[in-house]
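Worksheet for the structure shown next.
Naming follows writing order (A, B, C and D), and every chain is counted from residue 1.
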Amino acid sequence: MRILFIGDVVGQLGLSLIQHYVPELKRQLKPQVTIVNGENIADGKGITEKLYKALLQAGTDVVTLGNHAFRKRDIMDFIDGAKKMVRPANFPAGVPGQGYTIVNVNQTKLAVLNLQGRVFLDAIDDPFTKADEVLAEIKQITPLVFVDFHGEVTSEKLALAYYLDGQVAAVIGTHTHVQTNDARILPKGTAFLTDVGMTGSYEGILGVKKEPVIHNFLTKLPARFEPIETGAGQLGACYIDIKDDTGVATKIKTIRIDKDFPLEV
Amino acid sequence: MRILFIGDVVGQLGLSLIQHYVPELKRQLKPQVTIVNGENIADGKGITEKLYKALLQAGTDVVTLGNHAFRKRDIMDFIDGAKKMVRPANFPAGVPGQGYTIVNVNQTKLAVLNLQGRVFLDAIDDPFTKADEVLAEIKQITPLVFVDFHGEVTSEKLALAYYLDGQVAAVIGTHTHVQTNDARILPKGTAFLTDVGMTGSYEGILGVKKEPVIHNFLTKLPARFEPIETGAGQLGACYIDIKDDTGVATKIKTIRIDKDFPLEV
Amino acid sequence: MRILFIGDVVGQLGLSLIQHYVPELKRQLKPQVTIVNGENIADGKGITEKLYKALLQAGTDVVTLGNHAFRKRDIMDFIDGAKKMVRPANFPAGVPGQGYTIVNVNQTKLAVLNLQGRVFLDAIDDPFTKADEVLAEIKQITPLVFVDFHGEVTSEKLALAYYLDGQVAAVIGTHTHVQTNDARILPKGTAFLTDVGMTGSYEGILGVKKEPVIHNFLTKLPARFEPIETGAGQLGACYIDIKDDTGVATKIKTIRIDKDFPLEV
Amino acid sequence: MRILFIGDVVGQLGLSLIQHYVPELKRQLKPQVTIVNGENIADGKGITEKLYKALLQAGTDVVTLGNHAFRKRDIMDFIDGAKKMVRPANFPAGVPGQGYTIVNVNQTKLAVLNLQGRVFLDAIDDPFTKADEVLAEIKQITPLVFVDFHGEVTSEKLALAYYLDGQVAAVIGTHTHVQTNDARILPKGTAFLTDVGMTGSYEGILGVKKEPVIHNFLTKLPARFEPIETGAGQLGACYIDIKDDTGVATKIKTIRIDKDFPLEV
């Protein structure tokens, strides 16, 4: 099975890039499953039902989230019905939404699990312990598991990947919005990438206008960060090939599309 | 002028990799200047005079540092005499050591400036303002400036790079120990890379043994993080070509050497 | 000279308490100068011109601020004309507003200086170095200096107080909204109190409704914190007696007014 | 039942103050139970078996801990046998030691529970959820519960106290080393105090020498913080009266002993 994973989609420009490139990437790469992190699609923070549906419409099978999952209020109105959307599984008990979902691929099933780091992020539940807990459930259903680990620091991401090495097909990081150049397969067969990068403007800072970010660093005055919605775009992604029987990865490759690196997979 | 820059050297294994690969990289790439971040060379935290000299001996022209600069006590005994070593320029006034140094390259001079971010790191002086201040000095001497910006988060690194775009040849990030895949030249000519990566063990977490890191995440008990000193290594680097007259970059390219990506520049 | 200082006024209820108790406290204590921290007066975060004037109207001589100083947009419209208002002096150069102001008291002058800590707060400029810088200016005008040090942690507040001991009449902490029980005069004559406490609801958490705060701790979902505007109130204050010639403190005493401790100075 | 609780004992000087004042405080106040926070007794960070026994010897019934609980290595050798010592109950599962202990007082039993906050402290398990879990166990044994809540910020401490209001006799904060002036009984009968303060030197900063603390703020260079072991001392404490049948508090009063406030309860 081949999985295509695309990192944090920022704003309308990010959605346009998904709509533009996903069909082309699917044509070239022929993934069985396409997963997109959508935590920044609504004005840079959060997601709405309309945008969730637009992502599915554009060819996405599963939408993952992160620390901005609950920023738009109306998520509460649709999250429990959004069967193809996952928020970090280690949010405290009682929080709406699901931490993983199952995708049917021919005769097999792929579990897509979302977890969130805690270093320099909110103190939600421990992602390591939660992974153990949730994997025990998932393994009743399927041995094939993809993990979007939404986190800030490199050490936590690699630590979780080693911790789950051999138990899941892939641990791919999101949140920093910058793709890392360390794609590899760990000793026991888990594909790993510290961060897959973002999808949105290529001209700002992490998808938002650069002037307010710089002004905030210079003055420490409150700032409003707005997605850039026009101009050059970028798309950060990777694909992973996994064995359908064991769930072990055989290949991981990053994809960077922008004006410096035009699409040529 | 071509500059070769190599990221955070961790422990003795990191030093061996420098000793092994720097001659080969110089042969192939023919850089005029070789710069190495050495903040983790002494047992993973800090630097000693002996190790500083070993880096120079191995072909390094300038050693940059970061948040671990002052972790080994004996740095106080040699830092003021270490003319080829720079610590972040935005440490408060009165702190020993220098924030930049000048390297003579034929008829030209290259300034090597070290700055440190403040997001999720110590509250030292503002790197943006300090950059303005120090560049005013440097520009009296030379228009060619290389910046090692040691920082945790992607937004701060790119913000500083845009802030200095056109004024310096390159802003290259260090500290996260994971190379990013976003090398580019910004609109006004500054080469940028969020993080160049590290040099040391390929088998642990950021150069140190993985078991204590994972144990610490699971238990929150105090842990001692030790560099891995044997086994497979990795080297994270990049090279930048700059115009000797204007100091503008014309090319930036990352280098990743490890068993998955053997040396072939 | 006697100085009355009242801590962080939260919302309309906080303002009512000021209007109610300041006249009575003045009658009983006969302070020459009354200073009030107003960073939370506008809906819990920030200040408006109308509320600034209401504080002056209620008998306040100087309004100090803190990390929420710039939260309401319209501060930009009046801050430069607000001669009796100070924001932390260690905001970066170029930020509107003033860090200290001078109050005339009979034949003498009192400087009121606002500084902000950096531990667990924004990385603005170093308050220690800034204090040196600003005091050099102030001492040209008057030896009498009152400092509102807005900070999170106890160690930073006491460290600054010791650092300034003998140079200023008082270092009084704000920001935690809980009055501490450690009022004292340091060896060289500076009065010190880690935190003076807040003025607003006695029934919530730091002046705001408790249910959203608890819900946020339990779920880590975004929450809106709103001041409680009715019901029982509390007022946190202290007064300091200083020598008009040397600016050294001779007495410091805390004032806590709430239903458990009704006003009886 | 009357409970005497004494805050963070720092170093040998802290122990001497316990040895000196506990007998006198017991004589005057006649508490049935004496509890002491000992997380800083061993050189300012952690505890050893010898010092644990010295605290018991000095008249302590239970020793509570906090974020420094595990700083001295030898705690691992005696923690599981230390029946009168508790470490924060919300350390992850599998961590040695106990989170609460039961003290027999005539015909009744008092549970002493230690919890730790997470704001600006390590991301251990959620203290709110853990409190629910542990109280369900404790309530099988006794309705009388004392909580030492070790935390940094005022909001988290008061939030937990309101959350447990009516279920426990007292929530008393530790960790900031500065006693607060907000002792009260919450609406449903739980006694609350944001922080009880510390026991150790009166002349330094939180019990340690002030010069290295100030130097660290000025330079951001690494510093070694050492307890002050001679000179003037201070003791921070409180006592709480609770009803033996319902476990509701009827009185809470702070005690501050230092040269400015000599012992006179």
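Before moving on, here are some points about what is shown:
As a convention for this text, a residue touches a chain if its C-beta (ideal position, glycine included) is under 8 Å from a C-beta of that chain, and two chains touch if they have at least 3 such contacts.
Note that the structure is a prediction, hence the values are computed from the model and not measured.
Looking at chain C and chain D, the chains that touch each of them are A, B. The two sequence copies chain A and chain B touch through a face in which the numbers common to both exceed half of the numbers used overall.
Between chain A and chain D, the superposing rotation on Cα atoms measures out at 180°, rounded to the nearest 5. Per-chain CA centroids place chain A at a distance of 44 Å from chain C.
Centre to centre, using the average C-alpha position, chain A and chain B are separated by 29 Å. With touch defined as above, residues shared between interfaces to two or more other chains in chain B number as follows: 92, 123, 126, 129, 218.
Partner chain A is touched in their complex by these residues of chain D: 92-93, 118-119, 123, 125-126, 129.
The residues of chain D lying in touch with chain B in their complex are 70-71, 91-92, 94-95, 122-124, 218-222. Residue ranges of chain A in contact with chain B, taken from their complex: 120, 126, 128-129, 152-156, 158-160, 162-163, 176-182, 184, 194-195, 197, 205-206, 210, 213-214, 217-218, 254, 256, 260.
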